[in-house]
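Below are structures written as C-alpha cells.
Here come two complexes built around chain A, the first alongside chain B, the second alongside chain C.
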Partner chain A sequence: MHGKEEINLRQFLLFLFLFVIGTSILLSPSSLANIAKESAWLSVVVGMMIGVAIILFYLLISIWYPDHNIVDLNRLLFGKWVGTIFTLFFIVFALVSAATVLWTIGHFMVTQMLHETPQPFIHILFMFVVIYGVYLGIETIARTSELLFPYVVLLLTIVFVFSIPSMNLNKIKPFFDIGAQDIVKGAWFDLSISTFPLMVLFMVYPKLVQEKKSVGKKVTIAYILAMLTILAATFITTTVLGVEYTHHHIYPTYVLAKTLNIEGLIQRIEVIIAVSWILTIFFKLSLYFYAAVTALSQVLKVNSYRSLTFPLGIFVIVLSLIVYPSSIYASEWNQTTWIYYSATFGVLYPLLIAIATLIRKLFKRS
Partner chain B sequence: MKRRLLLLSFTLLFLLTSLTGCWSKRELDEIAIATGLGLDKTENGYKFTVQIINPAEVAAKTISTRTAVTTYTSEGRSLFEALRGLTDKAPRKVYLSHIRKVVFGEELARDGISETLDFLTRDHEFRTDFHIAVAKGMEAHDLLTILTPMEKIPANKMYFSMQTSSEYWAPSLIIKIQQLISTILEDGKEPVISGVYNVGDIKRGSNLSNVEDVGAPTDVRVDSLGVFKGDQLIGWMDQLQSTSYNYIMGNVKNTAEYFECKDKEGSITLEVMEASSNKTVTIKDGEPHFNVEVSVEGNIADVECQIDLMKLDTIKQLEKHFSEQLSILFNDTVSDVQEDFKSDVFGFGDLIHRTKPKYWRTIKDGWEEQFPEVEVTVEATVKINRTGTISNPYEFKKEE
Partner chain C sequence: MWVILYGVILSISWIQIRALWKQSLKRDSFFYIFTMGLSLTILILSQLGLPIPNPLDGISIVYDPVHSLFQ
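After this line comes the complex of A and B, so read on.
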C-alpha cells in the first residue's frame, strides 16, 4: 500500500466496459421500450454514435492534461475557491450516483429474489464489499475485474445466444415508425445512464494509466463493444418479450433470463445469470465510490484516502436508503432529473473545461 | 500480528453471521408446492384453487390409499386476498414457483381475464413458463380435482399432454402468459387460449378409484381453442377450425392430416412433417386484401383405398387434391371466424401495422368493425415427399 498506484490500459478498458453496462443492462430495455417503442434498439444505436463522440472528447481532455485528474484540473483552471466548489459538486455527484446504483441492486434483489429480506441489509452487505475493495486500492479492483470479466461475458453470452431461437423480428416491426424525436429522447436516456457518468472514470484515468499509445482507438472499441452489449440486451428483450411486455417490467433482462429454456435441459438459470449483473454493478459502484473518496481526500489534503473509505461508505449506505423512496420515484427521477443531472457532468462540465483551456491558451500567447 | 488476527476473526465473525442466507429460509417441509392453479369467478370476487403436491405420495415406493395431490380452495375479493386466505385451510404456506398450469373457469373467461393477469405477473413467486388454459364449460375448480393415470400429478399430466400434442397434433396450442399479455395489449391481434375439459363423471374423477381403473373413466382433454376478443372469451373453435387456425398461424410442427379418396371410398392420411405459412397484405382502392400461403410437406402414412401409388401422376394428382381440400377448409375457417366471432385472432390487423404503418394509422380505430368484412384468401400447397416403407397398398379381397 505504498507509492503511486498504477493500472494498465487493459484494466482501464475493462473498467470502461463494466461501467457502461453496469446498471444500464438492467434498466435501459424497459425505459427505452417505453420511450422509443419498436425502435428501442435504434435509440441505442443513435446513443452509441453520439457516445463515441463524447468519449473521444473526454479522452481529448485527458490528453491535454495527462497528469491531472479532475481535482487538479479544477484547481488549475478555475482557481482555488471556484475549483474547490466544482470539486465538491463532483464529489456529491459521485456519491449520489453511487447511492442510486446501490439502491438499484438492492431493489433488484428484493423484488426479484430475496423477497422478505429487508433492503437495507442487502445495501450494507454489498457496500461492505465495495468499501473493502476500495480500501485495498484501485489496483486490487482492477485485477479483480480481470479475474471476473470472463464470467460476466460468459453469462451474458449464454442469455443472448440461447435467446436467439425465441426471437421474433415481427415484434419490433414496423421499423422507423416512430418520430426521430422519441428516438433521440431514448438515446439521451441511454447515454445518461451509460455514457455521461463515464466522466467519473477520468478521475481514475489520466494519472493512473501510464500507457498512452493508440489509446483513442482502443477506448473507442471498448466503448462500442459495451454499447453493443446494451444494444443486444435491448434488441433481444424487445424481440423475445415484445415491446409492451418489456416496458411493463422493471427488470426485463431478468424476465428474459427466466424464459430461457434450452430443450428443457437448461432452464431456471436466471439467478446464475443475475450474478453477471451483480458483478458489473459492483464495479460501477466501486468506481463511483473510488472517485468520490479520492477526490475528497485530495480536497482535504489527507495523506491517504484509505482513512476516508469507511466513514464515506457508511454515508453512501445511509444515502442509498433515502435516495429513492420507492421504485416509482426512481424511474421518474431517472427520466426527469437524472438525465439533466448526469448531462451537467457529462456534457456541460467537459465543455466548460475545454472553453477554460482555450481561454488559458489564448492568454498565454498574448 | 495481533492486529491481523483480530481483524481476521472480526471478518470471519461478520461473514459467519451475515452470509448464512437464513433470513427468510423456508424448508421443504414448511412449504406446499403448488402445481396447478384454478381461477373462478364468484359473486364478489374470485375463487382460488390450488393443486398441491403431497410429497410423501409422489416419492412413495409403495402404493398407498392417499392421493398424490390435494386441492385447496379459498375465496376472496382479489386474487392475492384469496391466496392468503388459503393459509387457514392449507397447513403450509403455498409456494407458487412450480406452477405448471393456470386454468381459468369458463365463466371468468367470459367475463374478462385481464384483472387476473396483473397478479399472475406482479407476484415475484410466479415464473413465466406455465401454460394457460380455459376450463371448457366448467369451473376450473372441478377440473383440478380430477385425478389422472400415468402422471400422478394432474397438472403435470395436462402440461405434458399439451406439450406433446402441440408438437404432434395440429389442433392444440401452448399459450404462455407473456404471449397472452402481449397479444391482448397490442392492436390488431386477439388471443386464443386452449381449452381443457373433462370426459366422464367429475365426482368419480376426484376419487382414487379413478386411477385404479385401467381405462381411467374420467380424464382430461386438451384439444380445442377458445377465441377471445380483448380479454373476454367469446366462443370455441371446433377441432377442424383449431387445426386450420394453427396452420394459418404457422404453429403446426407435425400432425396427421386425413383426406378422403377421390371416389369417397376410403381415405389417405398424411403425416405432416413440415408446415409453414406466409401472410401478406396488399391494399387495393383503400381496402386491404390478405393472402395467406400455407405450405405443407409430408409423407403418406396410411392408405385405406385402392390407388396406384407407384405412378408419378398419382402423386401429383393427390397433391393437387389435398391442396384443394385444405384450401377449402382454411378459407371456411377464416370466414367462420369473421362471421361468428368477429375477432381478429389471426393478427391480420397486426400484419398491416407491421408492414404498412401509415395505412394502419388511418384504419386503426375502425378495424374491429372492418375485420369481418375484409377479403382473405388462403392457399394451401401440399407436397408429398415419401410413401412410407411399403409401395402400393395391399389388395385384400373383401367379403361382399
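After this line comes the complex of A and C, so read on.
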C-alpha cells in the first residue's frame, strides 16, 4: 500500500506545527530556565533564527529529491549496504525518540494527574491509540490533526491570555546578564527537542505530499508560529513563576495553569493544558512511530507496513518501560546525550546528504 | 492486569497473523512473529525483574567523548 496514500499541504503544515510544539511546550521552559536563567526567552529567539535556517535547508533537500523518502535517499546516495545501515540507525533513532516521548507522557500523568495508576498501563493505553492511528494510515492521522488542531490552539490561547495579568517583568531582570555561550546552549537544547527531530518528517513530506505551491513561505510561517508558541510559554512561565521556581519544576507550564486565578472566577484550569499537551504528544508520537514503521517495512521489503505496526508498537511500549529508570536520569540524559544524538540526525546527516548530492552532480556533469 | 494485557496482545496477534497467512504473505507473517516474539521476550524479562541493558546507556557511551569536547 505504499505510494497510494496522500496528504495535502495544509495537513503537513499542521503536522509540522504540532510536532514542533509537541513535547517542548512543557519541557523546554524548565530546562531553559536552568541553562540560560533570566535570558531563557532570548534562547528561544536565537533558537528560532537558527531553526528557520535548518528548516530551509531541509526544504532544499526535499526540492532536490521530490519523490524520495529517507530510505530511498539512503539507497540512492550511499548504496545498498551503507544505505541500509544508515536507515537502521534512523529507525533506532525514531524508536528511541518514540519511547522517550511515551515515557514523558506516562511520567507526566503519574506525577501530576493519576497518582494511583501504575505507569506501564498509561503507556499501554496511550500507545494502543497510536498503534491504531498508524494502522489506519497517515491520512487518518492527518485528518485527525485537522480536527483537533483548533482545540490545541484555543486551549493554549486561553491559558496564555489569562496569565498576562499576573506577569511581572521584574522577574526576568537583569536582561542579557548571562553570557552568550549559555544563551546558545539553551537555544541548542530547545532546537534538539523541537527542530532536529523534524528529520523524521522526511518519511512524510516530499513523497506523500503532491501539491507544492510556495512551500518555502508556508513552512517557514508554520515553523515560526510554532516557535512563537514555545516562546510565549517560556516567557510567561519565567515572568509569572520566576526563574528559580520555573526550573525547580519539571512541568512549569502545568504549574502556571494551576496558579492562574482571574478574580476568583476562573481558576484551576490546569487540565486544559494537560489536554492540549496530550493532543500534541499524540501527533508527535504518531509521526515518530509512523516513520519507524514505514522505514522498517521498506527495509524488510514486506508487503504492507500495517503488518508490522502492532508488533513494533509493543516493542515501543517495552522500550519505554526500560529507557528512563528515573526522571533524574531523564533530564541528565537529555542534557548530556540527547542534544548530540538528535543533532547528529538533524544537522550532520542532512549535511552528509547535501555533500553526497553535490558529489553526484559533479560526477554527472563530467 | 498483566494477564489481560497478554491475552489482548496474543488474541490481536492471532487474528492478524491468520489474516496474513490467508493472503499467503509468508514474509510478512514471518517478520510479524519475529518482532512480536522479540518484544514479548523483553516484556516478560522486564516483568520478571531481570536486568535488561538500556539502549540509552549505549548511546551515552558513544556520545560521551563529544560531550566532554563541548564542555
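Basically, the second predicted complex is superposed on the first by the 363 of 366 C-alpha atoms of A that agree within 3 Å, B and C clash if a C-alpha of one lies under 4 Å from a C-alpha of the other, contacts with A are read in each partner's own complex, and residues count from 1 in each chain.
Just so we're on the same page, contacts are C-beta pairs under 8 Å (C-beta built on N, C-alpha and C of every residue); 3 or more make two chains touch, one makes a residue touch a chain.
In this text, all values refer to a predicted model and were calculated from it rather than measured experimentally.
K.L.:
Which partner does A:Gln210 contact after superposing on A: first (chain B), second (chain C), both, neither?
P.N.:
neither
K.L.:
Quick one: classify A:Tyr341 as touching chain B (first), chain C (second), both or neither.
P.N.:
The answer is second: A:Tyr341 touches chain C but not chain B.
K.L.:
Scan A:Leu241 for contacts with chain B and chain C and give back first, second, both or neither.
P.N.:
Only chain B is touched by A:Leu241; chain C is not.
K.L.:
On the A-aligned overlay, A:Asn261 touches which partner chain: chain B = first, chain C = second, or both, or neither?
P.N.:
first
K.L.:
What is the contact status of A:Lys301 with respect to chain B (first) and chain C (second): first, second, both, or neither?
P.N.:
After superposition on chain A, A:Lys301 lies in contact with chain C alone.
K.L.:
Contact-wise, after the overlay, does A:Asn170 reach chain B, chain C, both or neither (first, second, both, neither)?
P.N.:
After superposition on chain A, A:Asn170 lies in contact with chain B alone.
K.L.:
Where does A:Phe121 make contact in the superposed view: on chain B (first), on chain C (second), on both, or on neither?
P.N.:
After superposing on A, A:Phe121 lies in contact with both chain B and chain C.
K.L.:
Regarding the shared-chain residue A:Thr111, is it in contact with chain B (first), chain C (second), both, or neither?
P.N.:
A:Thr111 contacts chain B only, not chain C.
K.L.:
Of all the chain A residues, which ones make contact with chain B and with chain C?
P.N.:
121
K.L.:
Spell out the residues on chain A that touch chain C in their complex, using ranges where they run on.
P.N.:
Against chain C, chain A makes touches at 92, 96, 121, 124, 300-304, 307-308, 310-312, 314-315, 317-319, 321-325, 333, 336-337, 340-341.
K.L.:
Within their complex, state which residues of chain A touch chain B.
P.N.:
111-117, 121, 125, 128, 170-171, 173-174, 177, 241-242, 244-245, 248-249, 255, 258-259, 261, 267-268
K.L.:
Which residues, counting only chain B, touch chain A once they are in their complex?
P.N.:
14, 18-19, 23-24, 121, 124-125, 127-129, 178, 181-182, 185-186, 350, 353-357
K.L.:
Give every residue of chain C touching chain A within the complex, in rising order.
P.N.:
Those residues of chain C that touch chain A are 1, 5, 9, 12-13, 16, 20, 25, 27-29, 31-32, 35-36, 38-40, 42-43, 46, 52, 54-56, 59-60, 63-64, 66-67, 70.
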